[in-house]
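Chain naming follows the written order as A, B, C and D, and within any one chain the residues start at number 1.
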Amino acid sequence: MSEVAARAVPQGEIADEPIAIEHGMTAEEYASVCEILGRQPTVTEIGMYSVMWSEHCSYKSSRVHLKTLPVEGEAVLQGPGENAGAVDLGDGIAGVFKVESHNHPSYIEPYQGAATGVGGILRDIITMGARPLALLDSLRFGELDSGKNRHLLDGVVGGIAGYGNCMGIPTVGGEICFDPSYDKNPLVNAMCFGIAPADRIVKALADGIGNPVIYVGAKTGRDGIYGVSLLASATFDAEAAEKRPAVQVGDPFTEKVLMEACLEIIEKNLQVGMQDFGGAGLTCATSEMASNSGNGMEIDVALVPRRETGLSPYEVMLSESQERMMLVTTPEKISEVMEIFEKWDLDAVVIGKVTDDGLLRVLDDGVMVAEVPAHSLAEEGPCYSRPYTIADTPAPLNGADVPCEVAPAEVLQTLLRDPNIASKRWVFQQYDQTVRYNTVQRAGGEAAVIWLKEAGSDAAVAMSLDGNPWYSGLDARRGAQLAVAEACRNVACTGARPLGITNCLNFGSPEIEERMGQFAAAVEGMGEACRVLGVPVTGGNVSFYNETVETPILPTPVVGAVGKLDRYDASVRSGFAAAGNTVWMVGAFATSDAGLGGSAYVRNFHDRQIGAPPELDLELEARLQNFLVAAAAEGLMASAKDCSDGGFAVALAEACFAAADAARTDSAQASAPASSLPGMLGANVEIPACEHGVHAALFGEAASRVLVSARGEHATALAALAVRHDVPIAAIGEVTAAAQLTVDVAGETVLGEDVQELYATWSGALAHAMEND
Amino acid sequence: MRGQVVVRLKQEVLDPQGVTIAKALDNLGYEGVGSLRQGKVFDVELATSDPAVARTALESMAKDLLANPVIEDYEIHLLEDGSGNGEEGNG
Amino acid sequence: MRVGVVYYPGSNCEQDAVHACHMVGLDTELVWHKRESVDGCDAIILAGGFSYGDHLRCGALAQFSPVMKQVERFAADGHPILGICNGFQILVEMGLLPGALLANDGLKFRCQDTRMMVERTDSPFTNACAEGQILCLNMAHYAGNYFADEATLADIEANAQVVMRFCGPNGERGAEHNPNGSINDIAALRNPAGNVLGLMPHPERTLTSELGSADGLLMFESLRDALTASASAEVAASPEPAEAEAVEAEPVGTSADV
Amino acid sequence: MRGQVVVRLKQEVLDPQGVTIAKALDNLGYEGVGSLRQGKVFDVELATSDPAVARTALESMAKDLLANPVIEDYEIHLLEDGSGNGEEGNG
């Protein structure tokens, strides 16, 4: 205590408990700050603690649960903790990836909110020393009969496209769901994948006492400053408050040159450490880098480049202006570093140095305005075990619970028209999917496939981002398991072996026991699925408070899986390849649960959320994925399509469409008529009866099922391989040259549809819904 | 009559376009450029000839569609009177 | 034979162009926009991307980069210049090609594979194609809607400057086969001398069937063949380096040369 | 002093953005909208306080950079004189 008292005290107004509370802190949190400092904090200091100890930065409600996730595995090079996780892709290549949410800003201003979300996840990957190779996005909106929701979708997609396209990074996959629970809380999650040399992953370190600390990139403005309510306090005049923009404008051009400059510096190994300015801006970057190295740091905010006048030290430390990075280098290398920034016309300034006292010291033109232990900001935030209640597991839904008179053909048309199932071409056509020329499989298949050409390799990665919110809404635990299973299964369908996952956990308020229970159950389920499937979690993101007074969102755990393929040119596609091939059903097609609970069919025809989500036998799922990887490696599969939303019949139709989609290169409008499309195939199959009825057989969403097609000469080998993997398999029919989809159930023809017509419905539905003004 | 809605980013909002263009002008040797910001102008032909009606219509178009109040301000100008100057909308 | 690939802050297809050149055995050199010389280059590619963030107008700011004076001279000397996507936009902004590129008629960025018919094969970029051949190339742009006023358009057509036009699978023309609204379905355009060519689709993103179509490779093979032909023409014309320079000023790769 | 360059697509160049917005306004129930065209406005802060110098500078910026003569016209306005109205440039 006496030692602390002997030190100089920072200048500036003292923050008392009410000011801390206005910053969203609790009285107890304020007391711990006082204890850490041995004195009352200044307003600048309390601002810094409030952001670093916020839910967003400190994970105070989620940490106890996240700790239970499996994070280790053979392939893991970097688990959770750094800016992104990394897995070993062989040949000295690290695959670096992570998913992040930008939900709230996207509701206020969809274009800019989504754009800056993409900018943020890109910086997380770049900071690791990796060159980003691909983006994916997971989106949730209310239904499209509302103009507001169409406006949100249009803006969000435009923002993702605007940022990713300008950066020159292809957006190659993702998913979208529409449900009324997202009306006032749309979700925008973005995932990025990049590669770095495995032995040169960059960390957020501030090693080397005396080393210079460099600020580079965009100038600082009053963007995104937290704690607006604080302005009641005398220090901050109301005028300044009005100047704080509620939304930030993304600047992908600056980010692009920033990326090129940083990657050039890393390639020449001129950095000691690097960190982006994420949430909590300068405060976060300085305290985390210093703390990670067990050091301190001294910076002078007067040196920070600004785009407006009159910013206070408080504002500079808390600003969340985008497109900025912090870099620590050595005195010997600094001129070379600065030359590179100059080449790219970037503002770069030495704003401070690494110190040995463990303190983050903030000066304003030489006058000390804050001095706090860096470790206390970065690592000593509160950690809560919030009370929670877990809802009872619902009973499975039987066919008899949901009788349906509508003919199967009409059900199929309705499902294909449902924007949740319809083609997402209207969306992904706006994304540059081919820049850098690594994209082997674009959006539209089971998983995106990206060639690692830039690392001089013939290998590729497959990536998928999934999470069915209706399943999670019925049973958060199983919903999370199903998300892990689907993401990994989609990856395995291409022939890639899943190596790890990242996740984005979007939930309501953690302060409400029921929501906290959903979160706890989801994390538990996710951990269990990861253990059985052998895929560790390398990182992720939690987004709480996605609720308005009336409604919380459906609990939405989203899982991004990454897998490796040895050869980029050997990936398996989802569409049927050739007439005459045999159609096989592989996996859990004989279970007693038909997967009606939470299904698109029941949502559309019974308008209710009842029952349990599909049963999931994780052991069988693991065997199925192993089988898929092995079958692809032996070249036995001509196509593989996961049965998910809409069940078997929709999967079968989509396998026909995908063949046509691949050849569809000419039509100007996404909603153009599908007449005379080249490559359109059909299928003729027979499936056994289901105890829950014909509709359940066709549209139930039983998990762990994959529709495989294979050349006739591979039949014996494929069946034998399935037996070896202890995975059920049955030949159910064949691919036909006639674009006709025929399904018999137990000898009776229940579907006999023109594929062209189905395709027209499916391919045009989303564009049509968006034009519905 | 003809009217005009001018939409600009709020002063405190970053204008990446403006920054880049200003830099380019500097590179081209234009030295006295202190700052440059880029906005949009909408020239609207209206059926009415009543300035008050026209102004109200433009005002509400600006609010509903042409400007994004979260990041932008707008100005309304009526052109039929020949003066070309106008009054500020919400500032 | 060396191809200079010019790139600017915000370019993002320069590596793809390099990759494409290497696939057909052409040497490459990345030319940063601040460079003041393109000496040693036999052809130039202006790479695609978002130079200067596409701020102001696509391609508008890049025309003032220091290297562009050299590019202009290179064009005047008759050497081959290929502008892809943003590179096309830059050529148009500079006035090396006529007209302008407006926002796509759908007012959205569009990424898709697209078909176009080759009308002119007397070009250093299409001499390996057959006349009437339909290529499938990938495109990805927001402002690729080619526009020229009536008089300019008449000149363009009269001078046989249209090298490719958007079309359907059987060569048929029509709005449904035109992905961005370009006037007269113009997909690739050259200057009257024929040595400068611009197009919005990306031949450097269509090099192997594993990733879609391999049709783009034809354009790079054309360039290689044109450069080879003009190099051997030079050697034949004069072994003396001093005189070779004069020959170099001739347009290269016309069908007469091949 | 402050100046303004307004850049508009030439009358004979199609403005799909304007058409789309006009359609949207129509859908929103604005009936009297005859036509709508979208242009750009550049607000420039200049070091000089001499209107003639400022005008010349803006004129040459517009020609060199801000407008593309193939498709666009421009107008120059000087704002320091308070009137807000300006004279036409080429076009």
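Operating definition for what follows: a contact is a pair of C-beta atoms (placed from the backbone, for glycine too) under 8 Å apart; a residue touches a chain by one contact, two chains touch by 3 or more.
None of the values given here were measured: they were computed from a predicted structure.
For the pairs C-D and A-C, the count of C-beta pairs in contact is higher at A-C. Centre-to-centre separation of chain C and chain D, using mean CA positions: 32 Å. Spacing of chain B relative to chain D, judged by their CA centroids, is 10 angstrom. The distance from the centre of chain A to the centre of chain D, each centre being the mean of the chain's C-alpha atoms, comes to 42 Å.
If you average the CA atoms of chain A and of chain C, the two centres end up 37 Å from each other. Residue positions 52-53, 55-56, 61, 64 of chain C are each in touch with at least two other chains.
The residues of chain D that reach two or more other chains are 24, 65-66, listed in rising order. Residue positions 251, 253-254, 345 of chain A each touch two or more of the other chains. If you sketch which chains touch which, the pattern fits none of the simple shapes: not an open path, not a single ring, not a star, and not all-to-all.
Of all residues in chain C, only 9-13, 15-16, 19, 32, 34, 49-50, 52-55, 106, 108-115, 136, 138, 140, 142, 168-169, 175-179, 202, 204-205, 207, 210-212 touch chain A in the complex they form.
Note for the complex: chain C touches chain D at residues 56-57, 60-61, 64, 93, 98-100, 102-103, 105, 107, 147-149, 181.
Every residue of chain B that touches chain A in the complex is listed here, in rising order: 9-16, 19-20, 23, 68, 70-71.
Touching chain C in their complex are the following residues of chain B: 16-17, 20-21, 24, 27-28, 38. In the complex of the two chains, the chain A residues touching chain B come out as 108-109, 112, 218, 221-223, 243-251, 253-254, 307-308, 321, 345.
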